[in-house]
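There are structures below to look over.
Next, two complexes with chain A in common: one pairs it with chain B, the other with chain C.
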Partner chain A sequence: MDAWISNVVTLVLEALVFPGFMFMMAMIIFTQWWWRKASARMAYRRGPTRTGPAGTLQPLADFLKLLAKEDITNGLMLRRLPILITSFAAGSIITVLLFTPLSPLALWSPFDIVIVLYLLLWVAVSMALYGLSAPNPYTNLGVGRYLALLTVSEPALFAAFLVPPIVAAGINPSTQYSLYWTIMNAANLWTSSAVNATVMAIAAIAGFFAMLGVMTVKPFDFPEAEGEIYWGMFTEYGGPRLALGFFVLFLEKIILPMLYVMLFLGGAAPFSFADNYVAAFIIVLMKYLAVYTLIALIDTMMPRYRPDQGIRFMIKYAITPATIALIFAVVATAI
Partner chain B sequence: MAAIGMGPDVLVLVSFGFVFLVAGVVWFMMYHLFQKVYGRKLKYETPVKRDLVFCGMEPPEEDVMIPVTEVMTSVLSRAVRRWYKAIKEGAAVEFVQDWYFYLIVMLVILLSIGVALGW
Partner chain C sequence: MVKYVEVPVGPQHPALHEPIMLRVRLDGEVVEGVDIVTGYNHRGVEKLGEKNSWVRDIYIFSRICGICNAVHAQTYTQGVEKLMGVEPPLRAKYIRTIVMELERIHSHMLINAVMAEAIGFDTLFMLIMRDRERVMHLKEIVTGQRVHADIHMIGGVKRDLRPETAEKVLRVLDYIEARLRYYKKVFEEDYTIRKRLEGVGKISKQEALKHSLVGPVLRASGVPSDVRVDDPYSAYDELKPNIVVRHEGDSLARMLLRWDEALESVRLIRDAIKNMPKGNPVPKAIKRAAGKGEVFSRVEAPRGELIYHIVSTGGPKPYRVKVRTPSFNNIVNSGFAYIGERLADVPVILTSFDPCISCTERVLVVDEKRGLRKWVPFMALSRGEIRVT
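What follows is the complex of A and B.
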């Protein structure tokens, strides 16, 4: 009984403090500052400098400013749904961290990758509902584009993210398609055979493109299309409602690349979470920061695709290769 | 460093417990608290406060909404129009001219050989 209570308390602390809510808040402040600095560097600007040391607290100041504003809704807007749905989306994406070795006490079950993908899907669904809750011609254009993008990028992301657990189960059946054990065996996924390495490489490339689409990063930011369709899905939002929507998007920009690093880039290799948790954690953070910087640079450098161009790109370079990788991962595992 | 294993059905229930817990904390800390302490005191009324955002202009009286599903289907159909046309008209040249088509075929052949030979 004591052990049971201790486990529950530990899991609650993990969900709310580390690596959950509070840690993610700190990560959002740091990564947003990093993104702005990297983007500014590319454009020969200085980025944030005034608030906090080297401007590190500027994202926090911006966030608090939005949260403390009056909550304004227009005459047609749903009042409660955007708040509820964004809180729920934040809850579901933060809960995903409990399935990874980043949590000192993790949760796992056979086939839990399906539960993880379901929780990730809630973010996309909730952002679509968030946009639909505030009717406006520009918002509707943005949501229509977002739904079209999700139609191709979410299946591609799912297909790509399913490959590592399937490959891991082929190498070591005791991983049982669980995210936790797949990450613990992530270093072996590339080295076990030529076919597995090829399948992982295809899934990694397709997964990266799909991730850009799901996060609506340039060149796939046509659902927001700032300046083109006003602000797309966010046109009607301001104050705390906009802060909550951004909170979910920023969480997605942390947790998706982190999962990508742990599944496709060897996880904590050359360290292991089982042997040296601190070193493994730092390695994952460093790999994550490299991927995140790459995404920030792509976002800064690339122009925006037209919606149909973006969808065509996703079909060609994300969903098709991801499906091929998934099929061959299943066949190779079955044989 | 430890992990608690359980059945998938139990894990679904447990994870949803945590989803609701974190969602409640997010709502309370990031919306309710700020609005109660500060935001609600900022109330002011202007004639345009509840109007739609419309390029700084007054929204017209008639319905200006664009159906979301129409936008979505329009984007998707424009994205695949060329392929759709090629399939419909049997114009295989559209596919054969594309280096991407050869890359995919080669990839599938290579992987099939790899799987068959147990590489």
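What follows is the complex of A and C.
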């Protein structure tokens, strides 16, 4: 009984402090600063410089400023739903890291990858409802575009993210399709056989494109294309409600690339979470930062696709290869 | 049953830098029709011109547009000079030409930067605007002012071009030319830019002529029309500009044509500095009254043919100055180009026309259904009475 209470307390602390809420807040502040600096460098600008050392605290200042603003709502919008739904989404996506070896006391069970994908889906659902809660022609168009994009990018992401657990189960059945054990065996996924490496490569490419779509990074940012439909889903929002919406999207920009790194880029290799947690953690962070910088540069260097062009791209280069990789992974494991 | 959704693009919109309203009727994302509504920024400049002297009006009319102010001053000044029978010195004509061509370069750079922004390519926007600042600097060292040149004066220009300034202009132009070639290459070769602009807002040669489109929009549809060649003014009869023409008629053609025109402007400025005659371009005395008469004056502004019709009844002020800007033709008459395209293409097509809204504003109200046509008097306008009942 004491062990059970101790575990619950530890899990609650993990959710609130590390790798949960507090850690995520620190990561959001750092990654947003990094993103703004990288994009500023590309455009011959300086980016944030004033708040904190080298402007590192500027995202925090912006976040606090939004929170401190008056909460303005219009007469036709739903007032409680956006807050409720985005809070659920933030909670669910933060929980995802508890299923990974980043968490000192990790949760795992056979087939828990399905639970992780379900938790990730909450962001999409919440952002669509968040937009629809504030009726406006631009909001509706933005939500329509967002859902159209998700219709092709979410299945591609799911298919791609299912490949590593299936490959891992093929190599070592004791991983039992759990995220935790797949990540612990992440380095073997590429080195075990040529077939597995090929399947992983296809899934990694498709998964990367799908991830860009799910995170609405350029060239797939048409749901919030400010030059066309003002700001799409965010048009009616300002102040604390906007801060909440941003919080969820920024969380997604941390969790998804981190999962991508741990599943497709060898996890903590050359270290292992079991042998040297600190070194493994630093390696994951460094790999994450590399992927995140690449995403930031793509966002800065690319113009925006039209919705139909973006969806066509996703069907061609994300959902099709991801499905092929999934089928090959299942067949290879069965054989 | 509602067959379409109406989405207002403007009058305040991130894709529009000035207030205009495009009422877009959508079937899904496909545009069924567009109503172009102007009237948010009318300033009564023509009326103001009637109240002020010939010389003051140079400054008033050049403020119709912040970007192409020198061509407004040129069109007005050359008309007034014709009315007064004044011939400016050849050196003054060369200096005016240099300023107008600098203006064409930065105007074309600006609209290409805005196009990059419209398709979400913010980095390219920043880079082009950064280089455009060099052209603005050249304008400043030549005219004394960065935005409003204000160098035109009846019978000449307000300041001469010093040799060291001319040298600096040539030096910076080398840099500008390299950058213009680079940006042209980006527009030609970037996969996503081509995907967003190619085949979008296509206008055939016949349509361009039928709807009286002018300037780069007309030339991008295969019509070789340029006032600098057709009816040369200033030093253009000696500098011989080449007309840039493209035949695709789409948004990409309009933008690429502007890069080519900017490169042609670089050549014209170089030739103007090289062949500039000696003499004093600054008038010693300014004529302040005109005789009776009327004059029709036109120049090739960066956006197309700019026309002034000036009427004088004699004395220190004009009786009437009628301005017809290229944007008025290109924006109000181009609603047909949006039909069948997608909502995401609307800002792209509008930007490819290089809209200047302050040039477009009119208060002639025409109701075709009821056959109503009414001018709004200046006083009524100042009281905010701009509706026809």
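A few points about this structure:
The rule we apply is simple: the second predicted complex is superposed on the first by the 335 of 335 C-alpha atoms of A that agree within 3 Å, B and C clash if a C-alpha of one lies under 4 Å from a C-alpha of the other, contacts with A are read in each partner's own complex, and residues count from 1 in each chain.
One rule holds in what follows: a contact is a pair of C-beta atoms (placed from the backbone, for glycine too) under 8 Å apart; a residue touches a chain by one contact, two chains touch by 3 or more.
All values reported here derive from a predicted model rather than from experimental measurement.
In the superposed model, A:Y230 lies in contact with both chain B and chain C.
Once the two complexes are laid over each other on the shared chain, residue contacts for A:Y180 go to chain B alone; chain C is not touched. With both structures placed on the common chain, the touch criterion links A:Y138 to chain B and to chain C. Shared-chain residue A:I202: touches chain B; no touch with chain C. When both complexes are overlaid on chain A, the residue A:K69 reaches chain B alone and has no touch with chain C. Counting the residues of chain A that each partner touches, chain B and chain C differ, and the larger count belongs to B. After overlaying the two complexes on the shared chain, residue contacts for A:S39 are found with chain C alone; chain B is out of touch. Of the two partner chains, both chain B and chain C are touched by A:D308.
Overlap of the chain B and chain C interfaces on chain A: residues 137-138, 141, 230, 307-309. Residues 5-8, 13-15, 29, 116-124, 126-127, 130, 190, 192-193, 195-196, 342-347 of chain C are the ones that touch chain A when the two sit in their complex. Chain A contributes residues 39, 42-45, 137-138, 141, 218-219, 221-222, 225-230, 300-309 to its touches with chain C in the complex. Residues of chain B that touch chain A in their complex: 1-8, 10-12, 14-15, 18-27, 30-31, 34-35, 38-40, 42-44, 49-55, 64-76, 78-81, 100, 104, 107-108, 110-111, 114-115, 118-119. Contact residues of chain A toward chain B in the complex are 7, 11-12, 15-16, 20-21, 67-76, 83-84, 86-88, 90-92, 94-95, 98-99, 101, 104-112, 114-115, 119, 132, 135-138, 140-141, 143-145, 147-148, 151, 180, 193-195, 198-199, 202, 230, 235-236, 239-240, 243-244, 247, 273-274, 277, 307-312, 315-316, 320-321, 324, 328, 331-332, 335.
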